Amino acid sequence: MDELEKMLEDHKEGKISSEEIKEKILELPYTDFGETKVDTFREIRKGLPEAVYCPGKSKEQLENIAEVGDRLFTRAEEEDFEIVRSVRDDAKFKEKARMIVLGDVEMDVEGEITVVTGGSSDVPVAEEAAVTLEEMGYSVERLYDVGVAGIHRLLPHIDFLRGSDVVIVAAGMDGTLPGIISGLIGTPVVGVPTSVGYGTAREGRSALETMLNSCATGLAVVNIDNGYGAAAFVHHMLKEG
Amino acid sequence: MDELEKMLEDHKEGKISSEEIKEKILELPYTDFGETKVDTFREIRKGLPEAVYCPGKSKEQLENIAEVGDRLFTRAEEEDFEIVRSVRDDAKFKEKARMIVLGDVEMDVEGEITVVTGGSSDVPVAEEAAVTLEEMGYSVERLYDVGVAGIHRLLPHIDFLRGSDVVIVAAGMDGTLPGIISGLIGTPVVGVPTSVGYGTAREGRSALETMLNSCATGLAVVNIDNGYGAAAFVHHMLKEG
Amino acid sequence: MDELEKMLEDHKEGKISSEEIKEKILELPYTDFGETKVDTFREIRKGLPEAVYCPGKSKEQLENIAEVGDRLFTRAEEEDFEIVRSVRDDAKFKEKARMIVLGDVEMDVEGEITVVTGGSSDVPVAEEAAVTLEEMGYSVERLYDVGVAGIHRLLPHIDFLRGSDVVIVAAGMDGTLPGIISGLIGTPVVGVPTSVGYGTAREGRSALETMLNSCATGLAVVNIDNGYGAAAFVHHMLKEG
Amino acid sequence: MDELEKMLEDHKEGKISSEEIKEKILELPYTDFGETKVDTFREIRKGLPEAVYCPGKSKEQLENIAEVGDRLFTRAEEEDFEIVRSVRDDAKFKEKARMIVLGDVEMDVEGEITVVTGGSSDVPVAEEAAVTLEEMGYSVERLYDVGVAGIHRLLPHIDFLRGSDVVIVAAGMDGTLPGIISGLIGTPVVGVPTSVGYGTAREGRSALETMLNSCATGLAVVNIDNGYGAAAFVHHMLKEG
Amino acid sequence: MDELEKMLEDHKEGKISSEEIKEKILELPYTDFGETKVDTFREIRKGLPEAVYCPGKSKEQLENIAEVGDRLFTRAEEEDFEIVRSVRDDAKFKEKARMIVLGDVEMDVEGEITVVTGGSSDVPVAEEAAVTLEEMGYSVERLYDVGVAGIHRLLPHIDFLRGSDVVIVAAGMDGTLPGIISGLIGTPVVGVPTSVGYGTAREGRSALETMLNSCATGLAVVNIDNGYGAAAFVHHMLKEG
Amino acid sequence: MDELEKMLEDHKEGKISSEEIKEKILELPYTDFGETKVDTFREIRKGLPEAVYCPGKSKEQLENIAEVGDRLFTRAEEEDFEIVRSVRDDAKFKEKARMIVLGDVEMDVEGEITVVTGGSSDVPVAEEAAVTLEEMGYSVERLYDVGVAGIHRLLPHIDFLRGSDVVIVAAGMDGTLPGIISGLIGTPVVGVPTSVGYGTAREGRSALETMLNSCATGLAVVNIDNGYGAAAFVHHMLKEG
Amino acid sequence: MDELEKMLEDHKEGKISSEEIKEKILELPYTDFGETKVDTFREIRKGLPEAVYCPGKSKEQLENIAEVGDRLFTRAEEEDFEIVRSVRDDAKFKEKARMIVLGDVEMDVEGEITVVTGGSSDVPVAEEAAVTLEEMGYSVERLYDVGVAGIHRLLPHIDFLRGSDVVIVAAGMDGTLPGIISGLIGTPVVGVPTSVGYGTAREGRSALETMLNSCATGLAVVNIDNGYGAAAFVHHMLKEG
Amino acid sequence: MDELEKMLEDHKEGKISSEEIKEKILELPYTDFGETKVDTFREIRKGLPEAVYCPGKSKEQLENIAEVGDRLFTRAEEEDFEIVRSVRDDAKFKEKARMIVLGDVEMDVEGEITVVTGGSSDVPVAEEAAVTLEEMGYSVERLYDVGVAGIHRLLPHIDFLRGSDVVIVAAGMDGTLPGIISGLIGTPVVGVPTSVGYGTAREGRSALETMLNSCATGLAVVNIDNGYGAAAFVHHMLKEG
């Protein structure tokens, strides 16, 4: 709240009234389109561009959001992209990651992250994490489909995983991969359960519980299918380093 | 139902009436104590001694059951044992397995089974399986506390596990061990989820789901904490061989 | 890990470096298409061809997988089959079982399995098990729609079921059939809950619980609708005999 | 509401005011002890004595309830009985059924009911049903511990079950017995799931679902462990006949 | 099992062999189409025509079932009807009840049933019950949309409900109506939870629990949306009277 | 029930018979279309127009309902509106709120309500509340998309929220907003969980629990997505004032 | 945040530094005992005394909290009371409500509330609400044990309930009472589900859902057993009037 | 696996046989007590001392574990401590954190962590995290009982929280605190749901879901009540820096 201190100083010097302070606070943090408030201030406060979750957003809402600033859109369909591109020429569609990238969100960051998946159906979630990190400027390696039905698929890569700053592991079905990796290396692991599976997989809730119940240390998790959330968490970890 | 055929023959020859056939069927399969019917016939029909689940059984019920035939009691407390011993001198208490063994249930069987646990808290469930199999006459190896937080604990034993006829794996918490073992060997694996854990472990239901969701082949499961059930299934597998 | 021993020997004799050992391990187990890794080594390690779960796989992923080796595809739609056939002439579509069979997966096996269903809506799941076993070379009998609303439908078949090496029972709704069969015969029974039903059937989870809660011995279960899993488990049981 | 008509007549004739009608309605149906209102009118309205569920009732509440009229108490502990007997000499304790019977609740009824249990641990719930019906004057047969692990235990009794007016079946664990019986006979069956079991039995909820999912016709269910509820439903069925 | 006794007599007199008895049992109960077994014997055993649950049945299965005997089809779509009619001219479509009636299933029965719904969206489930009973020959009254948001809608009908032999109440949302009706009358009530509702209604599971938790006596329930099951249970109740 | 008193008086004076009283009660409260009963009396009894929940209503049902009186339709699709307008010229479609308004439901009310949403996807639920209140005649302010990822979005509005008579807060995902607002102001808050979210959001059930578990005082909740219910509750609160 | 404005003024005039403002904010709202922070400021901000939830609080924590200001303790056991009284002579124990009242929390309020319960086991929860309101100075009427098994118990009281400003209804089991009352009166109803019940009552969660699913208008709910929460919400409603 | 490389070298030089390599791998990682295997190797592999979860461990198991190496015991009761101290004089009991510390586990680490709780009942879980970190050598600040019922309790501390390297937040009930903090600062936040709460809190599962559903970035979670897990994850994050 450095801005607050600045404003207090200005207020003291009579430059702004207490009413103006309230207005300022109201004004700064976002651009207000009524139904939608765009968090233009977020980059400063949080150190990463805002992500917009597309499902359920109306055409009008998407257009308003796209007009202001640089940001990411997640779970974007082809038609969402068309709406966004109609107001922003610089929009890019990352199809495999189901994302739209607006402008240049790259930041001054440093770090190497490996994104791993248990199976090939977990790839879209992993890509959401990988693309988010790449857009911010991180170096990302992908290691896909090394799931545990045959732990031998994984073992040869352990040294490589140890070399990363962080490992993100997306896994559905039984969700065992993050715990196994975390049990073998000292690098922090962020687990992303995915909704891949059937029967008792319960759309990712069983995988989520497997990760939480793991007694491997060095593992924390984010919501089911939340690739962006994993990337954002990793960014918070690394930008401090 | 060879008995049925025999009875039909006797009936034809006028040795027994149709009424007598009904009575016979009523009579053969169990000894009737009113509230409790003891399945004395089971050994013939199923090829293994009946197991009695102790919790919720009254003193009178336990005494009645103990009077007739050789069998196993599961989830037995010290006080259950005292009731049973009061009517049967030959009762043995297997404390670690929480079981009472009545008489000599050994059968003419052959086979080597390894019983594995993820952690040391899973031991009572594993012992229920191990003791049941040993009492029937099988050769049982124990491999306890080799859980996946550190898959390296497990790997050196893989060759040994391959040498067993069947592997029973009891695991609570995230329940990942049966799937990992099953992914590495061709031997059939019977998974027994245990109620060990806290938080999202949901008293073994999360471990159960992990095992069912595993894409490792060669793995089937029984109910949570059901060590006896795993042993009985293994017996059905092996006695055919 | 006989290969490991061989490689250690070669290493000792200076034939391969420790780096080469790592590479070898990396190389052997699968063919790597990036997003998808095909487990060409599995047949040797596990003794059965890999199954590919079609839902959620992209066209590109399916094509890559189809290119290498002989295997089975489960939950396949007509359009999946067309993709697979476009790269493999020898692909066969088993419509009732929703499976694609690639090449000749038959193995040197022996055994008689009966596949049973409670109702006629459970047939696709049962067929997945039956076709998998038949493709591997087992002898399979089908006994469909003998569900318990009228246990009399089942009784005449009991002798026949006793003659099988294993019985697989697929049942949805209340899922009682596997327990009833298992209570009557000494042959091992593998229960497959199906997602058939409505209301409290909870898409197969109630049937699953019925099977797990059964006090009939000789019954183990696999995941809901997992016909392939049941077949694979049976294969592991029988190939040892 | 014949009383209503009577009161309307009296009101018309000026015998009672509209205020008095309100009071009358207030007065008739129960005796008011503040926290507890005893439904003295219920026998007339519903045709069966009120049952009082003991758990959670304070000493004062139990005493108040015991003072007025003849009724049944369910889930009663020894100490509940002592409280009740301190104000009513005629109280009887039915220990196996966990019930207290106050006075003479017998009614002019006719009918033969068989009460069945799957296992011996289901007996207390079955006894709650059996004692309730016996106290009202019905003829009750008990057939306990004939559960389905060995359907042969059940078959010889089928003719007998057919001879009953209604069959009540209490079953925990997998809860399959009511559906099996109902599939074999035309007599209506009332299923009572019990909280007996462990693991996926979920304190009777799995047994409840099994009964609801059964495709056997002629089966309806009441709440878990609700033996009294089954008896009351049977009474409503039979008193009309 | 009067047939059994007859067969035993014949066997004794050498008219049939024990093999023939087995065959007979196999033959009598149903017509076997492989995947589908039609329970032609059910009417004799259970006293009501078999109901066929349409969802998930293939065209071939429906045709086979339609060929033999008189019966009911539930949850039928227009296209199911067309398949059935293609093999049976006498098929009738009861659209509001989503049922197909094959031939003349009327029986020699007597009884008056009132079918009640809480809301107008519960009508299809109620009609399934009402049509089933009418087809069997019962007299059915309908009382729809009298749900509890305004108990005053219900009160004037209480006397009428008392005049029925049984009351079936279909209710979704909070599912309170069956308990309220049952608390006011001595007539037995069969509750049918429906999947109508949103949010915490959980597709009828909340309504189901409300009915089971009700402390009103004289209420038993069937599965969610199971109008046929309620009708069948009522038939079992009344045919005995 | 002032009408009751009136009728009792008339009855006393012989103006109406007891039969007529029953009929009157039957007649007054609604217009009966068989499957649908329109609660024309509700406005008098409850002080607000009836709302009709569109999903699952047939064309015929909607037409019948639309014919009588002024009311609101919720969760209306474009095609529902066309059905309603075909019988009522004065129907208005409130698209954003998914509502149809029939005639002039405005009442003599007073009060200022602020409707808040956490995100822009919660707007339809919020609009359902806002439009209902506006149609009745209340003054409504909207404050949308001020969710907690950045509590700073909310703080500047606190004084404004304090000025309202009641605050309605619709929030999905983690559902934290109502508790935060309620912790900061003394004005009563009505929380409306929405089904917006994915993964562990469980279609609004997680948001619902968050609101119920909040230790902020002055917060009560209605069902998931039930904007109308929140508005109706607020109306009951304010009309008394 | 009038204090904020005051402080800004002081800051402008140089009376306090920006550092001091931060400290002030830190200081004002509570008294800090390390592990426990007592919200001495709450009465001003929220207009009602803070409630302390006793379970899980250590002796030291309770003593610290008791030392400062007037407040309420909920779910208090006898031993909690002894700890509190050891530091505060003026502590009162409200046993039936399981509450401790510290000092004189009465406020300048006006309003009549009726607190209703379905059964006598719901009384402790109802008393928590009633005592909280009485301590603040409201007039409270109690109407206990009028549950719906016999709606006739309730009807005579409807006029009385209409005369209250708000009605609080505590109900466990099926939880139908709040919806029924709310369907009959225009007064706002606050539902409090209680954990009373067994089987499918799921410790109050079924009752909670019944209340949320009710289509009666004018009903909002608080958490299970949260009598204090209901009272606090009512206070927020009425203090505005 | 540098040891592996070393061993391969030795093998090449004939210093050790391939059999010896297997034995070595078997030997290194743990000390084997049969039922319990102590992971003496973990410190090297994972960079932190092993934690032993006490509940369910037998006396013999605890003694064996305590004999070897320096480590932490979690969820320890007084009696667990006595067992451990009987074999290790240097054992320390951290009562508030329910932990036993064996020997000197301090490591060469650097970092400042703030541990926050929502309420005072969350303190034991927070202490488990705090003590674990302190024992390893980190600098830990505590900020307890700043829960969201009054977000004003939290705001003055925001600058302080920003100064930490990581923030751990333990919260039960509605579990909103981690999301709120994470929305305000750029520092990574590790959320620990606690089992504190009642009713819909579902023993911490509701708090867990709140954290996962939060749209605040920079937040990841561990299992319910898993303070040690949070500390271990933080250690993995910071030791890399």
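All chains are identified by letter, namely A, B, C, D, E, F, G and H, in their written order; residue positions are counted from 1 within each chain.
The rule is short, and it goes like this: a contact is a pair of C-beta atoms (placed from the backbone, for glycine too) under 8 Å apart; a residue touches a chain by one contact, two chains touch by 3 or more.
Note that the structure is a prediction, hence the values are computed from the model and not measured.
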Task: Contact-graph distance - origin chain D, target chain H - done: 2
Task: Furthest chain, CA centroid comparison against chain G - done: C
- [ ] Report the chain pair from A-B, D-G or F-G that duplicates the B-D interface, where duplication means over half of the contact pairs agree by residue number.
- [x] D-G
- [ ] Report which of D-G and B-C is connected by more C-beta pairs in contact.
- [x] B-C
Open item on the list: Just the number, please: Cα centre separation of chain B and chain H in whole Å.
Closed with: 37
Open item on the list: Quick check: how many Å separate the C-alpha centres of chain C and chain D?
Closed with: 48
Open item on the list: Taking the mean of the CA coordinates per chain, how far is chain C from chain F in Å?
Closed with: 52
Open item on the list: Which positions in chain D are in touch with at least two other chains?
Closed with: 45, 53, 149-150, 152, 184, 199-200, 208, 212-213, 215, 217, 223-224, 226
- [ ] Check the chains against each other and report every pair that touches.
- [x] A-B, A-C, A-F, A-G, A-H, B-C, B-D, B-E, B-H, C-D, C-E, C-H, D-E, D-F, D-G, E-F, E-G, F-G, F-H, G-H
Open item on the list: Applying the document's contact rule, which stretches of chain D touch chain B when the two form their complex?
Closed with: 120-121, 123, 142, 144-146, 149-150, 152-153, 155-157, 196, 198-200
Task: Contact footprint of chain D on chain F as seen in their complex - done: 5, 8-9, 11-12, 14, 18, 21
Task: chain F to chain H touching residues, read off their complex - done: 119, 147-152, 173-176, 179-180, 183-184, 197, 199-202, 206-217
Task: In the complex, chain E residues that touch chain D - done: 1, 45-48, 51, 53, 158-159, 165, 184, 186-190, 208, 212-213, 215, 217-224, 226, 229-230, 232-233, 235-237, 239-241
- [ ] Within their complex, state which residues of chain C touch chain A.
- [x] 22, 25-26, 29-30, 34-37, 39, 41-42, 45, 53, 55-58, 61, 193, 195, 204-205, 208, 223-226
